[in-house]
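Two complexes follow with chain A in common, the first pairing it with chain B and the second with chain C.
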Partner chain A sequence: MTDIAAPASAVLSPPRAPLALAWLARRAEGVVIPLGALLAGMALFSVFLLLLGKSPSTFLELMWRGGFGSWFSIQNALLRATPLIFAALCVALPARLGLTVIGGEGAIVLGGVAAAAFGHWLGNAPSVIVLAAMAAAGMVAGGLWIGAVGALRHYRAVNETISSLLMAYIAIALMNHLVEGPLRDPASLNKPSTHPLTEAARVGPIPGMDVHWGLVVALLACVACWLLIEKTRWGFAARVAGGNVRAAQIQGLAVGPLIVGFCALSGALAGLAGMFEVAAVQGSANASLAAGYGYAGILVAFLARQNPLGVVPVAFLLGGIAAAGGLIQRRMGLPDATILVLQGMLFIVVLMSETLYGRFKCFDPDRWKRAP
Partner chain B sequence: MEGDIGLWGVPLAILGGAIRVSTPFIFVSLGETITERSGRINLGLEGTLVFGAMAAYAIAVETGSPWIGVLAAMVAGAGFGLLHGWICSFPKVNDIAVGIALMLFGMGLAFFFGKPYIQPSAPNLPAIPLGDWSSLPQVRAALNVNVLFLVGAALALALWWAFKNTKIGLIVRVVGDSADAARAMGLSPNTVRLFATAAGGALAAIGGAYLSLYYPGSWNERLSSGQGLMAVALVIFARWNPLGCFAAALLFGGAGALGPALQSVGVTQGYYLFYAAPYVLTLIVMIAASSPGRALAGAPGELSITR
Partner chain C sequence: MNAQTVPAVGVEAIGMTMRFGGFTALDDVTVKVPAGSFHALLGENGAGKSTLVKCMMGFYTPTSGDMVVNGREAVIASPKDAGALGLGMVYQHFTLVPSLTGEENLVISRENAPAVIDWGKERRDLKSFMERMPFKIPLEQPVSALAAGEKQKLEIVKQLYLGRRFLVLDEPTSVLTPGEAEEMLGLVRGMTRRGELTVLMISHKFHEVTAFADDVSVLRKGKLTGRGRVANLDRRKMAAMMIGDQAIAALDQRAPTPADAVSVLEVNAVKAKDRSGLKSIEIDGLKVKAGEIVGVAGVSGNGQKEFLEVLAGQRAREAGEIRVKNASYEATREQSRKLNVRFIPEEPLRNACAPKMTVAENIAFRTFDLDKDGKPASWISARAIRDYATSLIAQFKVKTASLSSPIQSLSGGNVQRAVLARELSGAVDLLIVSNPCFGLDFAAVAEIRARIMKARNGGAAVLLMSEDLDELLELSDRILVMSDGQLVYETPIAQADLHVIGEHMAGKH
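Let's look at the complex of A and B:
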């Protein structure tokens, strides 16, 4: 699943090809194959559209116009990319430990509700304090939620994929309970919500843009996660444990705290996504929090090959596709689930492309000499 | 007195609800049992269930026959199963991830093609009134049993017998316990798993057809609330035993009926929390059924989820 073997083998066997070229070839595999899979998925979706009598070229044109073609649409794409980045990190971090956690939606939802509750409670305090408290509340809520998934996995051997998804359903039920019960603003009649946040509790736009500061935090989080995995001893330990748990335990690594810690961190990041959705986009917590970002984030993480830096362009791409959804729906008369079908097809093709790794000689400098 | 049985209505409603709500669990978990016994896990049955619900409803609207709808759902479900089995037959492809992808894909396709069928109403699957001997309407309502529930019960028994006593059952179990042993016997693990996943998909789709054609008996995008996923967890709890699946499905059905049953007697506080009961129960059951350090009793040896 991960390309951690590449640098190790570079150390073990002296490179026979020019260093720079070999380095590039090794890195290229993880970019070329997902890109190829992306194109194949788009081609498959074009066939789907043709079968329905719709024009793929119109679809692509609208997708470009709605998601990437203008400053307005790029900002729209970035706006949607922000929660996707957090949600994808929530998948990518545990993936380094060999865990498939897919319940980020639950951490997003609870993070949003916790942030809204604190934002309302501290609404009259200085903005810095309120926002810090909201972010902390969102991160603690999300972190506890996914941290529990990790703890169940390590200490009770409960499958993390199923348990995280169940926890997501429980989180959504909990949110509905809180939003319609204890935390409900009596003035919200048609759509039960928490109390609207005061100005001090809102996150504003980045100067010169319509996109809120959450995007900056999301990008910083990606860099921090990449550094954590690639440059720290905890990241190294996680990669060892992800490769072979027994080997890690024999080496004396504390696998349990590692798993719980990584899961809690990933949940905290997803909780942050919920906090920004509440503080920057919605203005209060309500059922709109469960918008499926957690599930789209799974696709982002797999497309990015669980690499925190790869998450950024992929999230931008899928954010743009989602941003174009409304336009495509209106102009082409397609249902809103069209984007879901496209995402599903991309996901399937990307997973199928996993089988291609290691099959092409051009990506493996060690095999260049032996090539006929 | 007639019609007023006070709090006794709660257990009665839970019993009736258990029978009504459990049917999709029975079919999905039996389907997943076949797939997992062959050594593969299909987490995508939630998507298959939703697509099956849509396909059954759409075809029932078009043809006027709910049974043709069920058949269409089975064909569609088998198709999803074949797709899963085919993709997983490539080396290095992770069956759990493919399941997640197919779950999202199946739901997307179902919402895509199901949009025009939210409005029209389809003919329902018939139910057998087993409670006619009683004068209490609650008892009669509780024992109004759908045909598919009885089919599911019979199927659980048949599968339990077939795994033990038939050649096909043995082949599926061998492939699930050791691919190498299967190859030594001249069997192709990928082919057996392909058919086992297809059969699992077809059964899961029947569960979906039950949702849209009987209870709740309509098609919309919020029809399923994770039944397909819970059924996968339930198979682990039932230790891959078809009869265990049936019993566990009834238990889960009862948990799912708790919210509506309490609401019917006027308990409205914490309404949403009761709706979380099946998920919480699933989680508790998974925690109780799993244990660190040793393999699960009865688990197929090739199953990725228990290794």
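Let's look at the complex of A and C:
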């Protein structure tokens, strides 16, 4: 009896030092592969530039200067990273349940409109109350939207990827309808918008920075999401359901509420992104809300391997690229869409790199544990 | 592609060693299988049998070791290389595309399948190919319409069609009825006798080895512990090579069920759709009392799986009621916990585990949301999960490279043990089990049956669904027969007659 148990316990306590290497190998894979994919995407984009007769090195230099090279450009990158972080969380949370939700854009847009409406309505109340109400309105709007995607998926077996995408189009149409109709400020002539928010309804910058408080909230949301997934019973249950629904069912886990709850939470976070865009950046809700953050967030989440903490650096990186876009377009005489081409190429390469996990022997932790 | 002209292929694996990190799954194992022989590979769960054949077939690159094919050294770096040398493998699970017909499955599996397929020509070729095969299978039907035995035969035919003349069969009969197994192995045996095929078969069933194999090799903890002619060995000697002088768990004496035992599980007029969605299963008036094992016999595919899914909340029921200890039961986590209901479904990796999560996490599925005192807890503790898994792994002798290995890296039998460890610890009042010994070695089978009997004697009500009649006869107090989605026959064990049970299973009443 002890005979059989012995080898198990022997391998359960391998020597310490190689363990560190094994730990490193396990972690390194999740960093090296996305980085490699980013580089490969850049290389591919360089080929594209060469075909256009433009210099990749100028491009890189401008990107550095425009996105990361100075305190000004870093702040610009952080500003753009904020909605990306929220949008990425809206992909990463459902992903842990095995769902691919790509319609965060819809929740951002509706969250923004709802926040703008409440901001206008309560515009004269104390700032704390207005902002709390705006945040709540944005979160409820986004949460209902993506929560509905989850409910359709679980109770009606509608594919969540398709439904979330289609619902994003509906959301954008709904926003246009509201902004051009019932919620329109008659004074906004060229660009139909909601009424401009009062001072009490605006979110200010973090002291000493040009970046608004939304960034802090976004960072806190990342930590909270990580804790939720890794450290709480709900996160564990979600991982079980994401790993095998049948196993979750036989354990009596409430799969439906889990799916709807996680989707609603992710939608609420995306709704917050819309609220901050309105309250801190735009000052009112209008068509600019549909700026594509929801879609760029998908890229961020995949690059971060659906890890809420990994979302932060990746969002900063892509925020910087986006921030440099204007400069690049002006200096190199490239059209607006160039940055989208870059994003598209990165996305394809990153998706392809997903298949590389587990292929490289040097990342196998067991390889670094020596036989006792 | 001609079975008569292409002779069997002989294969030798020499000095095979395979390490997964610090864990040696295979240690300098040499197995020689001459052309035209039928070789059996025995060993307890986790002994390294699957690892050995995966190394031979190029799925794994062994840490060291050589392959010799037909007397010549061969480099097999991938399954494709193995295929080119005439080596093929039939898995325990089916790999055919269920929605396609047998013909289509065969043709598309070909490496050089043409871009545009001339089905007329392929059909004629297949017909003449099948005429030379001892296997008779309807090739025009979708594979999903075939019985398990026919599917398994088709898997073998597919390998032969692809020109393979050395076949590894990894537990080929575990999904078959005894009759199907006998027939299939007999046909394979015939082909080896005629020198058309060489077979290396992994099995846990001694009677198959004795009846069909020429030679046997035995692995234990990654080492070759014995080999010889089957004719010179008996069951006892082979068992000793497999497990040494380790004691086999003995079945407890069956304690008499108290006359006033309360019924723990009651199933009334339950109705649900079956897998195809076309037929229904209807179970009515089933009662399982505390301290008794009710066995459900039946040919696979007569609604047993669906019934378990309904009980476990994996399948919606259209009507009826399930009561546990006189309370209505909907298989929620709270109810299962309060009423001490446990499920052990078949194919645990597919039905009861998250394959990519770690062994420790999988073992924690039932308890992760409780704290030390068994109270609901919001925060989970990685440390508590590890400690809990460590103790259960030792208690149930689960063999794993580490606690943080994904559970899918465990050998089939050890996945089963991990699930048993999770479900059989703590107080159990109702145990619902399906084919618990599927794929387990004989020592583990004895141990698991002993644990089920112990649970019964401890007062648990046990509903045991099994395709293995011997198992049902050994364990049950009463046997029910399920046929076509309904319970059609019941007999106390004392009056159980194999012949009558068999007739009801076949739907002859």
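Methods note: the second predicted complex is superposed on the first by the 349 of 372 C-alpha atoms of A that agree within 3 Å, B and C clash if a C-alpha of one lies under 4 Å from a C-alpha of the other, contacts with A are read in each partner's own complex, and residues count from 1 in each chain.
Criterion: contacts are C-beta pairs under 8 Å (C-beta built on N, C-alpha and C of every residue); 3 or more make two chains touch, one makes a residue touch a chain.
Nothing here was measured: the structure is a model prediction, and the numbers come from that model.
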{"item": "First, second, both or neither for A:39, with chain B first and chain C second", "value": "neither"}
{"item": "First (chain B), second (chain C), both or neither touched by A:302", "value": "first"}
{"item": "First (chain B), second (chain C), both or neither touched by A:237", "value": "second"}
{"item": "Partner chain(s) touched by A:216 [first = chain B, second = chain C, both, neither]", "value": "neither"}
{"item": "Which of chain B and chain C A:166 touches, first, second, both or neither", "value": "first"}
{"item": "Partner chain(s) touched by A:340 [first = chain B, second = chain C, both, neither]", "value": "first"}
{"item": "Partner chain in contact with A:246 - chain B first, chain C second, else both or neither", "value": "second"}
{"item": "Overlapping contact positions on chain A, where the chain C interface meets the chain B interface", "value": "1"}
{"item": "Touch list for chain B against partner chain A, complex", "value": "43, 83, 87, 90-94, 96-98, 100-102, 104-112, 115, 225-226, 229-230, 232-233, 236, 270-273, 275-276, 279-280, 282-283, 286-287, 290-293, 305"}
{"item": "Footprint of chain C on chain A - complex, ascending", "value": "1, 3-5, 7-9, 11-12, 14, 18, 22, 231-237, 239-240, 242-244, 246-247, 249-254, 364-372"}
{"item": "Chain B contact footprint on chain A (complex, rising order)", "value": "1, 100, 102, 152, 154-159, 161-163, 165-167, 169-170, 173-174, 176-177, 180-181, 295, 298-299, 302, 334-345, 347-348, 350-352, 354-355, 357"}
{"item": "Chain A partner contacts - residues on chain C that touch it in the complex", "value": "19-24, 221, 244, 246-247, 312-314, 331-337, 343, 345, 350-357, 361, 364-366, 368-369, 377-380, 390, 393-394, 397-403"}
